[in-house]
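Paired with subunit B in one complex and with subunit C in the other, subunit A is shared by the two complexes that follow.
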Partner chain A sequence: MARHEGRGMASVNYPIGMNLGGDPSQALIHSNPDGKFTVALSAIDLGQGMKQVSRQIAAETLGVPIEDVYVDTADSDTGPHDMGSFASRGTHRMGNAIIVAAREARGVLLEAAAEELEVNAADLVTDGRGNIHVRGAPSRSITVKATAQAAQFKQGKTIAGRGIFLIPLSAVDAETGEMNPNTAFAHACLVADVCVDDETGEVEVLRMTSAYELGRVINPRMVEQQLVGGAWMGISHALYETPEPYYPNPEHGPRDFNEYLMPGPGDIAPYHVTVLERPAPDGPFGGKGPGEMCANPVLPAIANAVYNAVGVRVDELPITPEKILRGLKANGGVKPGPRRGGPVNWR
Partner chain B sequence: MATMEMRKDLFADERDDNLNVIGKGVQRQDMPGHVTARTRFFDDHAFDGMLHLKVVRSPHHHARIRAIDTSAAERAPGVKRVLRGADVPVNKNTLLSLINFGKDDEPSLAVSKVSYKGEPVVAILADSEAQALAACKLVRIDYDPLPAVFDVEETLKPGAPVVNETYPGNYFEYHERFDHQKLRFGDVERGFAGADIVMEHRYQMSPIEHAPTETNGSIAAPEQNGRYLVHSCAQGLFFALGTTAKIVDVESNQLHFIGGTVGGGFGGKVDSLTEPLAVLGAMLTGRPVRFVLDREEEMLYGSPRGAERIYIKDGLMRDGRIVARHIRSYFDAGAYTRLSSYAAIKCTAHVPGPYWIPNVASDIYVSYTNRCPSTAMRGFGVTAVDFALEVQMDRLAEAANMDPMELRILNAYRDGDMKPHRRAAKNTALVECVQVAAEKANWPLSEQAKRASSLIGGGAGERSQIPATQLDARGQIGRPDSRNGPVTQVLPAGTSRIAPSKQPVMEGARDGRATPTQVPRYEPQRPAAPPPPPAYQPAPPPYQPASSYSPPPAPPAPPPPVAPAQPQHGAVRFSSVFGTRRR
Partner chain C sequence: MAKLPLQFRLNGSDRATFVDPASNLLDTLRRGLGDFGPKYGCGQGTCGVCTVLVDGEPQLACLTLAVSCEGRQIETTSGMADGPNLHPLQDAFMDHFAAQCGFCTPGMLTAARALLAKNPQPSREEVVEAISGNICRCTGYEPIIAAILAAANAPGARRA
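This part shows the complex of A and B:
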């Protein structure tokens, strides 16, 4: 009786946004008289960071400090329509709507500043620290705050913008499946190292190594949060979770977290992610969306690693000790696959 | 335990990294609230006189309802109202009716039969949760159990119990023609015939709970002037609002939804499981109503990720090239459609995975079974098929006696490759992901694999072509006998029947329009003889916000707008929100 190490991999891509389009997002942005901006949306923050992504995109486009932007979502009386936070669509769709709205607000901001500085708005730039100045002449400047006050109380201008982003709805051909699906795809490859106990059938995930291409990373800490959390969900899908353990038999449904198996803190594997950025041509600053895909390569990579370790193919999830032991019995014992590479290049 | 690094050297020439705050790990605006428990979720709102709603659920997987007796429950302590199907103004809905996809098939409260264990039949509104639960036990429902079906393939066979009367064949109906969604590209049979190795395997994805920390729920309260305030955990605020307005039959502006801060959601909070009955209860009682699933309800009756059964048949050459792939997949929708119908379309677009294969076909079915309806969950339409595809790829590598990484790189799709849904791939990066993961994992690659690139080799020769394609009329609605029908037609190479996508619409961007929008001035507030307003020229922003990446080539210049500019619904519709609009 022994423990056997194995290594498996998987590579995937993932479509960003509702598959057929037709899923608009809108944003409204306005400044208060002190040059502080509110972004009004109906996007949903599930914990994934929608508010912060929106805030960074708005601040970047407006050219103002991030502290001067606050995202207000979601109140149907004040936030314009948005399809919702699903289908990895938040960053891509809402981000683009915010860019449109912020550009319009920025346009008014620069016009108001131009009027104060008596220059052409086209000659103005923002420094991202709350100032607007003439390109190449930083001394000819005005603060965003003073500009907003002048716009509000002197010039009678609303520093505001509105934006919508919509990929038009595509039809699907009944006979060929031809369609215009998603416009942006993210990519990933993941290697899982596992250890399989041939006596108990238990699988321990030793470590995982992955590379994700996500378009422009808007906030690397939030990308990390998504990818690491999603990998945990992937381990859980692969090895633990199911409400119907003998599907399609509908019985034995769990009623709480005591009965619904998921990995605990001791089952979380060390994980290294490398992020690549190939900007999406139509993404906000090239951003795509890591929300959904981050569990996907984990499931097959673990299944392939189990096969590499002991020679048992488990084609029905989750990969329970019972299935492994039955597989070992059917195979007449452990049949390890070829060793693949050496120790990982990270720690 | 977890570390992340950025490879800024890859695709560097496609990015401008000189940005101000994009790409920075700045702290989230909501994080201090989350970690100090100041954040308010939907259930952190208290109302005087709030009622609690609980539902009586079916104990049977499938049964006729012969009689419902709520008289004892109505007299129970604290009970203020009992709701039955007849009280629901529009007691049949399907979520995607909001985008005109599918037929209304699911009642809010079952009337004549139940199709899954846990289906709501009666709702009780009482002063306390305990009183509501106690009254639920007093409801007498006389059921006549029916045979049930749980297997996604058994349910499609003639003679299987009808799960969902709206779809009597137990499958979602596509294009009013077929019992599944087809994908046809090239000739898979010829591909298999010419392959060195043909293998077919069956994969089964398990259902999964969403298990959000915050269970599904909502609080509805009469606001004023016939409006209702709803604190919601919906993942799509207007989705939930629209669904609720339809079911309780009110105008959308009679509903005021507040949400946006949700305690976890992976798709299960798109379903609007509680909002319609909470609002209906508030309308009928005039009191605030809280309808929240407890953990057991969330586990047993909150929609799960549907199980999927997937068959993959591949034709492989000994050198590792995949020459044909056929996928047949069955989504387990449970008793009602919810969002499963859409997943099959998304799955179809995803086939055959991130690889270029010259002959591809798929048949994706959505099957109804007598279990809790499933719904969208993280990776909807893709996660399960990715599991199947990538285990299959591992098998192909073994069969070709090839390293699994090398097999992926050999078959990876690249820029310019034609995908089976008849659109060319762009912006691909699978090869680079495999190379980088191999490097970090210390998994040796051949020199050839290391030199491969997503930018090289794609779209060459037949890789950019739409091949002649075999069509069939298999699986016509109501004709299971047609499932083994012959090829009916060969579509000539290069055929496209769906018009290419229009450019994305980004209305509102002044620098995206042909001519700058004039900004109207408020003359009374202006000094005499003001200088003409400077025509707004979009200044190149200092940090180039999205300038390189927003909807790519400027769409062909539309005719210059005639003054006054065409009404644009964004401005008109929301003109009252922020006061004066420039128009």
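This part shows the complex of A and C:
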């Protein structure tokens, strides 16, 4: 009867979105007479920050204050078409569509301002604080609000933009089966340290350390939030949660939280994550998307750490005490793997 | 079955309604009185999103018979803010990004509120214990624990 520590690691090359039918997203942007902008999307924000990131991207591209942008999401009856919030595609696909739409809307905005100021639109710049002025001559200026009102009530212009992001469909090579379904990959490496009790078969995650490369981080706090929360979900999938404990037999599956094991706040492990930024060439401002890969490397890293700790290779999730005890019995006891190095160096 | 009259104080206001004798408090608050602060999650006392304070004690509203609340003080997240001023816990939850989808948030806030009212300087372990009946899918709990610990040091955190 003893507790055995083990370390496992895993790395991930994670494709952002999926190219089935080009994976398109559309965005529509229009100004209101008060000089504020509405971004209409069918994308869904279920807490991951789609709305906030869309707002940042739209405001930055339009050249207006972020407070002046309203993002209207998730009405698929009235919004422009989007494939959906899945495959970590929101920031990348929708962000690109928003940039296209915002550029067109900005173009009309500057034309309307040029007409009011009697200058060439190409000479105009925005200050990001709600004003448009002649480059090098800040006194020759007009507010975005006055421009929107002039466009609406005097010039008869619609300050609006349409955007779509579509990846060229990659055909499958008949000879090799090769295709190029994706344009942006994010990357991560994660190290998990666990402790396995050879009497009870229980696994405790002691700590996790990871590095994530996500392109440009458009909202650092939200990226951190996703990475921390997603890693927890990864632990939960690795060790606890399953809808089909006796797969493929669906009988005796859990029906509620009494039977579906969702560990609580007492089961979390210290987690240190480092985010590396390498802007993606085709990402909005270089962004990719953290999304699902927050959880993905945790599962193989924990499985590897269990193997390293006691020599039991569990290849069906979750890694339950029962599976570990059966594995120990089959192996004739604990067969720990080599341990290299000390604790991961936390900066 | 004949309905029974029921009166209690909800977030400082006297409320009266008629309830089925078998109604639970959650149904009475949400459908009867229009207080949508407490959420309906599992309906069997395992997820914690319906947590409300009954005379200052955290209780699962889905497992509480409404008629047992006659004459009691019920508090929900709907009454946490003081006009435009958020409760220190609400501020701390925002500052620490302690919500993603937000569904568990009312239960977490209420569990934390009960904790800080009794134990204004809780340890990390005490915070974990206080929210151990509340399930969160998104955050990994860490931001919630950090928010509650931060709120404990904020002025006015004990305000019920």
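As a convention for this text, the second predicted complex is superposed on the first by the 335 of 347 C-alpha atoms of A that agree within 3 Å, B and C clash if a C-alpha of one lies under 4 Å from a C-alpha of the other, contacts with A are read in each partner's own complex, and residues count from 1 in each chain.
What we mean here is this: a contact is a pair of C-beta atoms (placed from the backbone, for glycine too) under 8 Å apart; a residue touches a chain by one contact, two chains touch by 3 or more.
Quantities reported herein were computed from a predicted structural model and do not represent experimental measurements.
Asks: Following the overlay on subunit A, give me a clash-or-fit verdict for subunit B and subunit C.
Replies: fit
Asks: Return first, second, both or neither, reflecting whether A:Y212 touches subunit B, subunit C, both chains, or no partner chain.
Replies: first
Asks: Which of the two partners, first being subunit B and second being subunit C, lies in contact with A:S139: first, second, both, or neither?
Replies: After superposing on A, A:S139 lies clear of both subunit B and subunit C.
Asks: On the A-aligned overlay, A:L46 touches which partner chain: subunit B = first, subunit C = second, or both, or neither?
Replies: both
Asks: Is A:A87 in contact with subunit B, with subunit C, with both, or with neither (first, second, both, neither)?
Replies: first
Asks: For A:G264, is the partner it touches subunit B (first), subunit C (second), both, or none of the two (neither)?
Replies: In the superposition, A:G264 touches subunit C alone.
Asks: Just subunit B (first), just subunit C (second), both, or neither: which does A:D256 touch?
Replies: Touch partners of A:D256: subunit B and subunit C.
Asks: When the two structures are overlaid on chain A, which partner does A:T73 contact: first (subunit B), second (subunit C), both, or neither?
Replies: Touch status of A:T73: first partner only.
Asks: Under the stated touch criterion, which partner chain does A:R221 make contact with: subunit B (first), subunit C (second), both, or neither?
Replies: In the superposition, A:R221 touches subunit B and subunit C alike.
Asks: After superposing on the shared chain, does subunit C or subunit B touch more subunit A residues?
Replies: Touching more of subunit A: B.
Asks: In whole Å, what is the nearest CA distance you get between subunit B and subunit C after the fit?
Replies: 5 Å.
Asks: Which residues would you name on subunit A as touching subunit B in one complex and subunit C in the other?
Replies: In subunit A, residues 46-47, 221-222, 224, 228, 230-231, 233, 256-257, 262, 268, 271 are touched by subunit B and also by subunit C.
Asks: Given the complex with subunit C, which residues does subunit A contribute to the contact?
Replies: Residue positions touching the partner: 46-48, 221-222, 224-226, 228-233, 256-258, 262, 264-266, 268, 271.
Asks: Which residues of subunit C touch subunit A in the complex?
Replies: Residues of subunit C touching subunit A: 42, 44, 46-47, 97, 99-102, 128-129, 131-145.
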